[in-house]
Structures are given as structure tokens and as C-alpha cells.
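Here is the structure we will look at.
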Amino acid sequence: AKEAAPAAEKTFKVAMICDSSISDGGWGAACYNGMTAAAESRGWETAYTDAIDQSAYADTMISYCDLGYDMIFAPGNQYSDAVVQVAADYPNVAFAVLNGSTELPTANIMSILPNADQIGSIAGIIAGLMSKTNVIGFIGGMELDTTKSKLAHFTSAAQAINPDIKVVSAYAGSFNDTAKGMELAASMINEGADVFFGDASAVDSGARQAIDQANGDNVTIVDIGQPADLLGQNPCVVSSVVTDNAAMIAICLEKVETGTFGNEVVFGSLENGAVYLGKFNDALVDADMQTKVADYIKQLQDGTFGN
Amino acid sequence: MNEILRMEHISKQFGDFYANKDINFDVRKGEVHTLLGENGAGKSTLMNVLIGLYQPTEGSIYLHGEKVHIESPAQAVRLGIGMVHQHFMLVEAMTVMQNIILGDKRYKGLFINHDARRKEILELSWRYGLNVDLEAKITDISVGTQQRVEILKALYRGAELLILDEPTAVLTDIEVEGLYSVIEKLKSEGKSIIFISHKMREVLHVSDRVTILRAGKTIKTLEASETDGKELANLMIGRELVECEYRKAEATGEPVIELKHVSYNKASKHNGLNDVSLAVRCGEILGVAGVDGNGQSQLSQIVTGVTMAEAGEVVLKGCRVSHMTAADFIEKNVSHIPEDRNRMGLVGNMTVEENLLLKSTQNCAFCDANGWHLKKKAMRAYAETMRAKYDIRCQSMEQEIRSLSGGNQQKVILARELEASPDLLVAVHPTRGLDIGATRYVRDTMIEARDKGCAVLLISADFDEVLQMSDRIIVMFEGKVMGEYSGKNPPIQAISLAMAGK
Amino acid sequence: MQKTKLLNVLIPVLSILLAFVIGMLIILALGKNPAEAIGYLMKGAFGSKTNLANTVVRAMPLIFTGLSTCFAYRCGVFNLGGEGQFLAGSMAAITVTLLIGHEGWWVTIVAVLAGTLMGGIWGLLPGILKTWRGLNEMITTIMFNYVATLFMGYLYTTALREGSVPQTAPVPDTTKIGRIIPDLRITWGIVVAILLGVAIWYFLFYTSKGFQLRAVGFNPVASSYNGLSVKRYMLTAFIVSGAIAGLGGACDILGTQFRLISGYGGGYGFDGVALALIAQLHPLATMAVAYFFAVLRVGSTTMQVGTGVPTSVIDIIQALVIIFAVAGSSMMYLPKVRKFVMNLFEKKEAV
Amino acid sequence: MNWNLLSEVLISAVRMATPLLFVALAELYSERAGLVNIGLDGIMAFGSLVGFLVCFWTGNPFLGVLCGALGGVLVNMVYAFCTVTLAGQQIVYGMALNIFAPALASFIYRVVFGVSSTLAQATLMKTVSIPVLKDVPFLGKLLFDQTPMVYGVYLLVIVTAIYFNRTKSGLNYKAVGEYPKAAETMGINVVLHKYIACILCGFLAGMGGAYLTTCYVNTYSDGIVAGRGFIALAAVIFGRWSASGVLLACLLFGFFDAMQLRLQVGTDLIPYQLFQMIPYVMTLIALTIFGSKIAGPKSKGKPYYREER
């Protein structure tokens, strides 16, 4: 990458592109918040372009490059191709790909990779402890590898705690068909599911709505939010598995400033605090349960969970 | 004088063309006033202006002495003007009753009071002798009945002034008699009628006064009692009517086309054929007479391969062709002047030149390499020769053909169909809508083709045309051939009876 | 004659300008500087060699779907299935590439042929339904679009998936359609597109078959009376227009996108219809309008990035362009308007 | 399949059919007057945004629905002017609406909520259950425990059926779609009817859109309409341009969609995309089997000028 500019005056600029909307209350929002928080902490300027088609990924990034942006943040592996193409033409611009693969990084590309296994496991621990019906539900957006491993670890963690647990799961095939989320959740509730976890952005908010409707005034079916702390957004949210994108993005920004950007993957995990469990809804989870969850997460971190 | 309608200085322009120019016309209470004029003289246009369907370019209309501005047919209905259109305005998917009460604004209430309306309509139909089955769908009733429905529609709305646009064109003689009595009845009730026709006999029979239109202009208004057919005809055509007698030919050769017991859509009386046999030989014109809608369309389609017969045999120049398509017929040198030139004969959005060459672009004179390259120069040259030869009047050969006048459109079809020196020419209503000059031209050309040895099947609703041109005549009624007559000194009485199915 | 032709060009141009004026007013209302916005737009589309090239790259798929529309509509076939046929082409091309497992230029050719064929088949299906069962192609082609899109989803999430994201493996480097100039993204696909456009133009206006096809499109009844096989021409139009879109899909996947991915190909079909209609179904004009659409797309991306107006403003301007351009030309068919405009002309000439 | 599951599927089918039904009725009113409107998706998108906004601001879902419907009318006036007054091509303008209206909706949403990244949620319309009847096993929850909108749309189906089959005005309306010139000569104002048709179409399609954001999900997101307009278009053809037919077609689509989602939850073996194809493939199969013998109103899709021959 480029040598760090010696002049301290230079205001760095970072831009984010996103195929969904930044106000979707899910993935787009979390990523945008992550970027702005990180930028603020380091005094960067930000810009974003959201709700763009796949065919415009490259054009948009090129536009930012032409306008002198220092880093481009692409929150998803679906942007990898476009990033690789554009990065080759603009060696002086840094590109950070959230959830990018470990093979992706080059001289001006870095991957940011939160630990999906841990995220799934944390949700699984809560679900395994909380489910009374022994049926838990998972709704995915697209069959991303990260989503698949979240599902796998959600399942195995829950079953490690309660072997009778059955997982019902489905993919909505979309990140923004809210109505589909509702229908999927409704049918899972019908199958008896009482703890939900999802990885489908706006689809999840539909699911939460269906859960709230099924609950009425008495919350018996709950949802575990992600990737931001969603406590309070819906009555059914019991807690959230939070991914601290801001921390990881900030690492990238710092590397740009110091001229050490590139050829690297920034991992996010329980260990470095980029993945953590959000606050509990105390009305739904008693202190006893909360400590149990904390214990299991400790085990997870130690690598002793499930043994 | 109790004049109820006066139209002053009416002009109506379509594009650059004046369909009506400075027309003056009036109607008195309780009279039958005929508008007489050739095809395209502007009769229907004038009436459409009167009922507000078209807006006049200039001129004014007075009803009961008061100037009115008729903006829409709805207003015309309110003013007591009713019209039976030349091309019926019936919604096919609905029943007779529904068609009659359509747009009725006299009764309040949301729902249709079927019983009351039925009673009212039956009363009306009984009073004027207009029998119809109210529950029948329009598609299931005959053309004559459809017309009765149209008249009922107008009367039901309380029309004081009734316009009948060529009401007799689609009727048999007996039905025409029925119509006359309806007109008498209406007149006796003090209603006024505008009657449109170009048949002298009936004009003189029903009218009180006659106004003659020619080429969009009023020529003269006459008292019917003070004139005769000859004068009217001369005024209508604009010059002394030269009785034209074509020489009749007698053909003895092999039949070019032969139909043997052909049936198609047999059940239908109006658009089917029932066991039809006929033959056309080279060098003769076989005329098919009959009221429109007795299977003529189907006949013309079967002898040109557009549709296939359901039963029986079609033999063209000795080959069985019952299963061949229009393309094969064209290949076998059959030409066709179809009944509806705009819908079936021409591609309106293409140029005059392209329409002239519609059938022959695969011809090696106009293209190379199996149709993969058009010789534009050759096409242009050919089109220009045709323009000269057939006297096609247009601004340019690159003009869209829909902007040409009907007569010139027909000349384009004629040029296309006759230049191939066909063995068989099927001509359906070849002069419909043409002025006298164009009509003469078309007829002469067809006779010329016959004399060169072409077999001609002439289907026409214009009885006089069939009589004048045919060497033999057959009459069609409800899909059947009613009889065959010689073209020399044809037995007019017998033929018109046959046309009515007698 | 001259006047009509002039108007046919003038009206869309004026309409587009009007649409832009409205767009600029929106931008002004958002508190941004319209002049600056236009500047960004120009810079994005024409600012550098790379930008110019990007515009051409963006135009390529649009040219294909536009030409596909052009061909079908000229024959009276209202094919709205450009998108499905485009995707069918891409899917076939990538599937064949990945299944063959070898690399090289011959794979490219096989893949392009497979894409064209598959596009043709995807066009043939609604064609059969229309000629055999009389089903309205506007409905069936839309249904087939959905099926194609979902099938593509199946391919990239399951059948041909590679790696962590739902997407297929990329086309191997040596199988990609080559770039004309190595450091610009323009591929030989654009040459194919332009040649195809010229070929269609020649076919429609200078060959007998094309002549007949147009006749069928304008008036099927008269055509059948004049011995043309209407059903055969219509079926051909379905197949060929599908194949054109399919070829476009193949060129796009092998030259620009390299793999199937969620959201791929969205909107190309409808854009194709819109731009072909603006071009009044003239193949050469269709290519020009496709290029214009691409300018708008690429330029407006920079404009959005530069000014920070919402992306949807761009879509609004584009829709306005379509509405105004088409409304402008249909207005010309109204006798009153026509007369008025002609009068204007006459006056000008008189002066 | 157990009863409980069937009942769940049916309830979900009704829920999914309701917005479809609004929009299909919208198209029915449009096509009955001879106007084929393929811009339903666009109208719905705009309706859903307006409905959402009003509901979000006022907390009154009913007002939201009403305003959503009016928003739909507003957008459809573009179509009305271009196709009726300018006698332009109906397909083109329908498509233009599909590009224009969703973009406008998305634009307005962004302007209103800025770049704030919290999710705006509105209050949903409450279900009104009919006492006693709702406790009828199986049918109770299906028929008598729904939002007023659901009752409304079924009422509308009946009203529509009666309107077209029994009333004078309905007869005139149908005549406009069948043979506008004949209708004109009978004193029916064709242009007015066509505009009314566009108003009704915009109103109902807007309402269908607003239903999505005021009764179904409590958020607005771009792409929320998800092709429902096109399915509704197919439903009208499928239902042979009659109110009861449209009802059946929509219920059928709703059923397939609900089934599809249930099947997805049950199995992992078959890729979900294949399930998602079911509604479209079924439409194609059903259309192929029934053919299109009844082609609907005769003049549909054709522009009308009074002075044309």
C-alpha cells in the first residue's frame, strides 16, 4: 500500500457500498453504524451508496476511487469480485471486505471476518437453555457460508445443552422480503418453535413481528437478535449477539493511516471483543439463567464447551 | 314550416381531406329525408357530426331553430337524435336486452329492473313490429335482427329524429318491406327520419325529400314526388349515366377451380358454407350474388386457401388443394382482392411500394440469394411503373399506404393482384367504397383480365355489379347455393327471390 | 416526410431534456447544486479513458436486450421476457464452461453457442404457448422471467456453488471473452453487439425475409391473406429474440461478470424494452439509445457519489425519460397536436 | 397432513391472498374498461410507502390505508393521462410506472427518514374478531378473526360481482371495455369511464400496497411488493375477468405460496428456489390447460380515439 501521508492535516475519507438499504434495521444498518462509529473515532469523513444493483457495484466503487476516497468498505463477500477488479485498477485505494474470504487479501484488500461459529454457538446456547418446547427456529437470508456455519453451530450448541432440541430452519431467498420472514416465522411457530435466531436482515424484522403477534401480551416465544444490539426494538427480543464491526473497521482505518494496510484478515471473535453477547431482557430471563449463559460462553472461549 | 333540424355550412376534415365541405341540410317534422350519394360521398360522416361522434371543422347545427353544439353522442341522445349506424354498434358479448338498455339514463336506481324494462321493450317492439328475442346474445342473431335491435335501441331512447344509415344494404327484400312499414309507422307518429341510401328505387319509394351529396358537397335538395330515378342518378354521379354493357363471354374450357360439396362451419347461417359445389372456368366471370353475410366471406377464404374446408373437395387446376395454405394457392397463381382492404389486403403502416411488392419480394427480380438481399432499385422502378400503369395517385411511393384514399388503395391491390397474370382471380366487393371513376377502372380491368383467359370469381353485395359483369351468376343464401343463372338476360325477379331464400 | 422524420428524432430529444430539467429541479430541492451534479455526471461517463470504457461495458447488455425487443416487436411479438432469456443465456454459458472443465477459446465459443441456444429455447417456450394455446405472451414471458431468476438462484446457491458466498465459480481466465485493449474493460462482446445490430438492421430493411417479418408484425391478418405463414414468423421471432438476449447473457457473463451471483442481470430485460420503444424499434437507434442509457447509468453513479443524493433520484430521472420520450411520440399521433406542430413548422418556413 | 397444519396453511393463504386480491380487483376494474395496466407493482410500492408514512405519523392504520389508496390514484393518473388522453401504448406506460413509482417511494422514504439507521415501525391494524363465530373450530379463525381490510376485500369481491352482473352502471362500464365506440354512441362517456377505471385501479392497487405496510408487516422496505402486481395480473386472466374467478385465483396463488413456505420449513433436501417457482409454474400450467378461449374484454390493450374508423 501507499506510504502514509506525513501531513497530519489530511482528512481521510471512507465510503461504503451496500446492496440493501442502510435503514433496513438489520445488516445494512449495522454495517453503516459500524463504519460511522469507526470513522468518528478516527476523524474520518464518510459517504455511502446503498440499495444498488449488482451491476453497479464496480461503477460505484470506481466513482469513489476517482473522487479520491482512501478506503472503500464493502460489507459482504458478494462484493469480492467487483472489489478485486477495481482494486487492481486503483492500487492506491484501500478496500475492506466484511466477511471476505481468507484468500481474498492482496496489497490493497483486507478481509474483516467475524467468527460466525461463535456467533451461532452463542445463540445456540441461549436457545438450548430457554426452549421449553424443544423446538427452535432459524431463518436464513441467503445460503452464505457464514450463514450456514451460524446455523450449524446454533444447532450443535443448542443440542449440546439439550439433546432433545430440534431445529427448524428455512432460507427466505432474500434479505428484504419482510413478509416472507413473517410467514416463515409463523409456520415455524406452528411447528412449535419458541426461540428464534435469524441471519436475514429485514426478513428478520418480519419474523420478529410475527413472533410478537403470536405472543400477544404474554411473551413466550423469543428471538435472539444480531448483528447489532436490538434489545427493545421488539418485545420478543431476549438478547442479541453483537458483532462490533466498528472495532474491526477502525483497525483497517488505522492501518490505512499508517500505511500498513493490506495482505491481512482482521478476525473478530469473543477473544478480541469484536463479538459479544448483548444485554438480556431481564423480564424474560432470570439472573440464574443469565449466569448459566455466561458460564457456557466462558467455556466456549476456553474451548471446553460441549466436551 | 316546422323544421326541426338545420345544418349549415358543415365541413369536416380528416387530415388534409375534406369528407364534408360546406354542407347545408335540413329536416322537417314527420318527413323522411333521404341523403343520397355514392360511396364515400360523406353521408355517414355528416351524420356522425350530427350525433356528436365527430366534431365538425366548421359549421353550425340548429335544432328547433336553436343553435346547438353537440359535443358527444350522449348529448345527441338527450336531444332526441337516434342513429342506426352503417356498421352496427352492438356489443357482441352482451344480450339484446343489455344492448338496448345500455347507457340508459332515464331511470334512477342502481339495479336493472329487468321485468319493467322487458315489458317496456316488448311493448315498443310490438308497436313497431320489431320482433326480437331479448335474451339472445348478439353473436347468435341474424344481421336483419341485429338491425331491428339497433332501431329498437334508438326508439327506446325516445328518438324524435332517427337516422338510418344504409339500412337496406344488409336486408333481404322481405326484410326491406318490414322496414318500410316501420318507417311509415314512425312517420305517422310525427317522428322525422333521415334515410341514407344509394339505391334509387327505395329512395323514391320512401322519401319525401332527397338531398344529394357528391364528393362531400351538397348538390341539390329535391321533392321526391317531382323527380325520377334518372335525374337522381345523374345528380349523384355528376354526369350523364352511360349505361355500360359489358360483353358477356361463354367459357367452355376446363374449370380452373372446382368446389365439390364443400362445407365449413355448417351450423352457422351467417358465416358458414353448407354443401357448396361450383366451378369457375378460364375466361369467365362467375358472379356470386346475395345479401352480405350468407357465407360469401367463407367462400372467398376457401377458394384462396386462407381457411380450409371442413368437408368436401377443392380442386384447383386439376389438383386437390383442400389442405393447402394461402401461400400454396398464391404459388398456384391465384389472386385475391379481399373484402376488407385495410384489414386483409394492405399493411397500413408500410409504404405504397412495399404493399405493391408484398407478395413478390421472394421473386428473383427483386431479391438475390434466396431472399437475403432486396434489390431496392428494381423495386422502386417496378413501383413507379405500376404507379403509372394503374394511375395510383399519391405523393410518393414511400408514403404510408393508410394515408391514401380508398380508391387508390384498391388500385394498389389491383396492381399487385393482376400483375401476376393470375389463373384465378377472386374479387370480393372490389368496388366497395370507390367513386364512379375508380369503379369503372376496376371493372374494366377485371373484364380485361377475363378476356386474357383468367377465371374470375366475383363476390359482391352490389347486385347491379354482379348483373353487369358476370357471365354466370350463382346466389348464396345461408351458406347454400340457391341456384345458377346465365349472365345474359338474367332473370332478375328469380334471382332476387333466391337471395331472400325463396 | 422530412418533417415527420425530423420530429421523430426531435421529440424524444426534447422529452429527454425536459426529464432532465425536472431531475435537476429535484436535485436543487434537495439543496444540491444541479450544475455540479451535471458536471459529475459528465465526468463519470466521459471523464477518462476508463470511464468511457465503463460506459461502453454498461451499454453492451442493454444493446442485446434492446435488439431482442426490437426484433420481436417488429414481428408483433410483445416479448417481455428479455430478462429471463438473458439469464437463460448466462446460465447456459457458465454451466457449460464449468462442466467442460477445460479452458481455452474453444470453450468460449461452445459456451456462447450454448447461451444463444438456451436463450432461444427460453424464447421458444412462450412462443409455443402463444401459437399452440393462444396464451398472451406478455403474461407468460413474465412468468418465465421469474422461473429463470429462481433457477439462477438454485444454480448459484446449490448446483454450481463455489465457496462461501452463494455464487458460482468464475469463468477461467483463458475462457473469458478477451478485452479489445488490455487495460480497458471493453471486450469483443461489444463488437458482437454492434455487428448484430447492423445485421438486424440489414435483415429487417434490406432482405425479403425481414420485409415479410415486418409485414406480419404490422398486420398479421393481411399477411396471412398474402400467403405469409404468420405462426411461423411469430415463432421465429420468439426464438430469435430469445437467442439475441441469450447471446447477450453469454457475452456478459463471459466478458464482464464472470459468475452468477444474487441480483445478476436484474432489469436488463425491461430496460431493453423501454429503450427499444424510445428508439421506435429501429435497430441502429436502439444501439444509440442503449449507449445513452449506459451514459445515464454510469454518469449518474458518479453524480450520486459526488453529490450524495439518494440513488433513487437516478431511477426517477430514468423513468421520467421513458415516460416523456414515449408520451412525446404518442402525442404526435393525436391529430390536434400534429396539426399544431405542423403549423409551427409552416410558420417557421414562411418566415 | 393434520387438521391443524391445514388450518394454518389456509389462514396463511388468506393472509397472503388479501393484498393480491386488492390488486387483482384493481386490474379487473382497469381491464374491464379496456386498459391493461402492468404497472401494478409500481402503484403498490407507492401505496405501501404512503400508507406506511401516514400510519407511522398518525398511528392510525385506517388513515394510512386511505392515504395509500389516494397515493395509488395519484401515481396512476400518469398512466391515465398517457394512455387515455394521449392514447399511448398501455404496456409501455405500465412499465414506466414500475420504474418510476418504486423509485419515488424509495426516494421519499430516504428524504423523510434521512440516513438514520434505526428501523421505523408503525402500528398495525388490529384484527377484529367476530364474537362466537370466531370460536367455530377450523373455520372460525380462518374467516372471522381478521383485520377489517380482509373483510373489506371480500365484501368488495361481492360488490364487484354484483356491480358487473346486476347493475346498470356495471353494464355500461363493461360496454366501454368491449366496444368503446358502441358505448360512445349509446351516450356513455368513454373517456370518463376510462379515467374512473384508472382511479379505481390506482385506489385499489394503492390500497393493496398499503395493506402490506399497515396490516401485514409494520415496516417499509424497498422491494416490499416483490412482484405481487404481476401475479395479480395473472390472477385476472386466470380468473377470466370475473370477480369470483379472481377471488379463486388469488386464493389459489395464496395457497400455493403458503404451501411453498410450509414445505420449505419441513425439508432441506429440495432447494428452496424450486419451491418458490411453484406459483409461477402452476400459473403457466393452469393457463396452458385452460387455454385462453375467453379473451376478456374485446378492446383491451387498444387505444381509443373517438374519430378513428
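Order of writing sets the chain letters: A, B, C and D. Residues in each chain are counted from 1.
Here is the rule we go by: a residue touches a chain if its C-beta (ideal position, glycine included) is under 8 Å from a C-beta of that chain, and two chains touch if they have at least 3 such contacts.
Keep in mind that this is a model prediction, so the values were computed, not measured.
Chemist: Can you identify which chains form the pair with the largest number of contacting C-beta pairs?
Modeler: Top-ranked chain pair by contacting C-beta pairs: C-D.
Chemist: CA centre of chain A versus CA centre of chain C: separation in Å?
Modeler: Those two chain centres are 37 Å apart.
Chemist: Nearest whole angstrom, what separates the Cα centre of chain B from the Cα centre of chain D?
Modeler: 45
Chemist: Among the residues of chain C, which are close enough to touch at least two other chains?
Modeler: 150, 153, 157-158, 311-312, 335
Chemist: For chain A, jot down the residues that touch at least 2 other chains.
Modeler: 51, 171, 173
Chemist: Residues touching two or more other chains, restricted to chain D: which are they?
Modeler: Chain D, residues with two or more chain partners: 106, 110, 273, 276, 307.
Chemist: Which pairs of chains touch each other?
Modeler: Per the contact definition above, the touching pairs are A-C, A-D, B-C, B-D, C-D.
Chemist: Across the complex, what residues on chain D touch chain A?
Modeler: Touch residues, chain D against chain A: 4-5, 8, 12, 15-16, 106, 109-110, 113, 115-121, 124, 212, 216-219, 221-224, 226, 257-258, 261-262, 264-265, 268, 272-273, 276.
Chemist: Tell me, which parts of chain D touch chain B in their complex?
Modeler: Listed in rising order, the residues of chain D that touch chain B are 166-169, 171-172, 174-175, 178-179, 181-189, 298, 306-307.
Chemist: Name, in rising order, each residue of chain B that touches chain C in their complex.
Modeler: 15, 304, 306, 325-327, 329-331, 336, 338, 343-350, 354, 358-359, 361-362, 366-367, 371-374, 376, 396, 398-399
Chemist: State the interface residues of chain B toward chain D in the complex, per the touch definition above.
Modeler: 14, 51, 53-55, 72-78, 83, 85, 89-94, 98, 101-105, 107, 109-112, 153, 157
Chemist: So in the complex, the part of chain C that touches chain B is made up of which residues?
Modeler: The contact residues of chain C facing chain B are 1, 206-209, 211-212, 214-215, 218-219, 221-229, 335.
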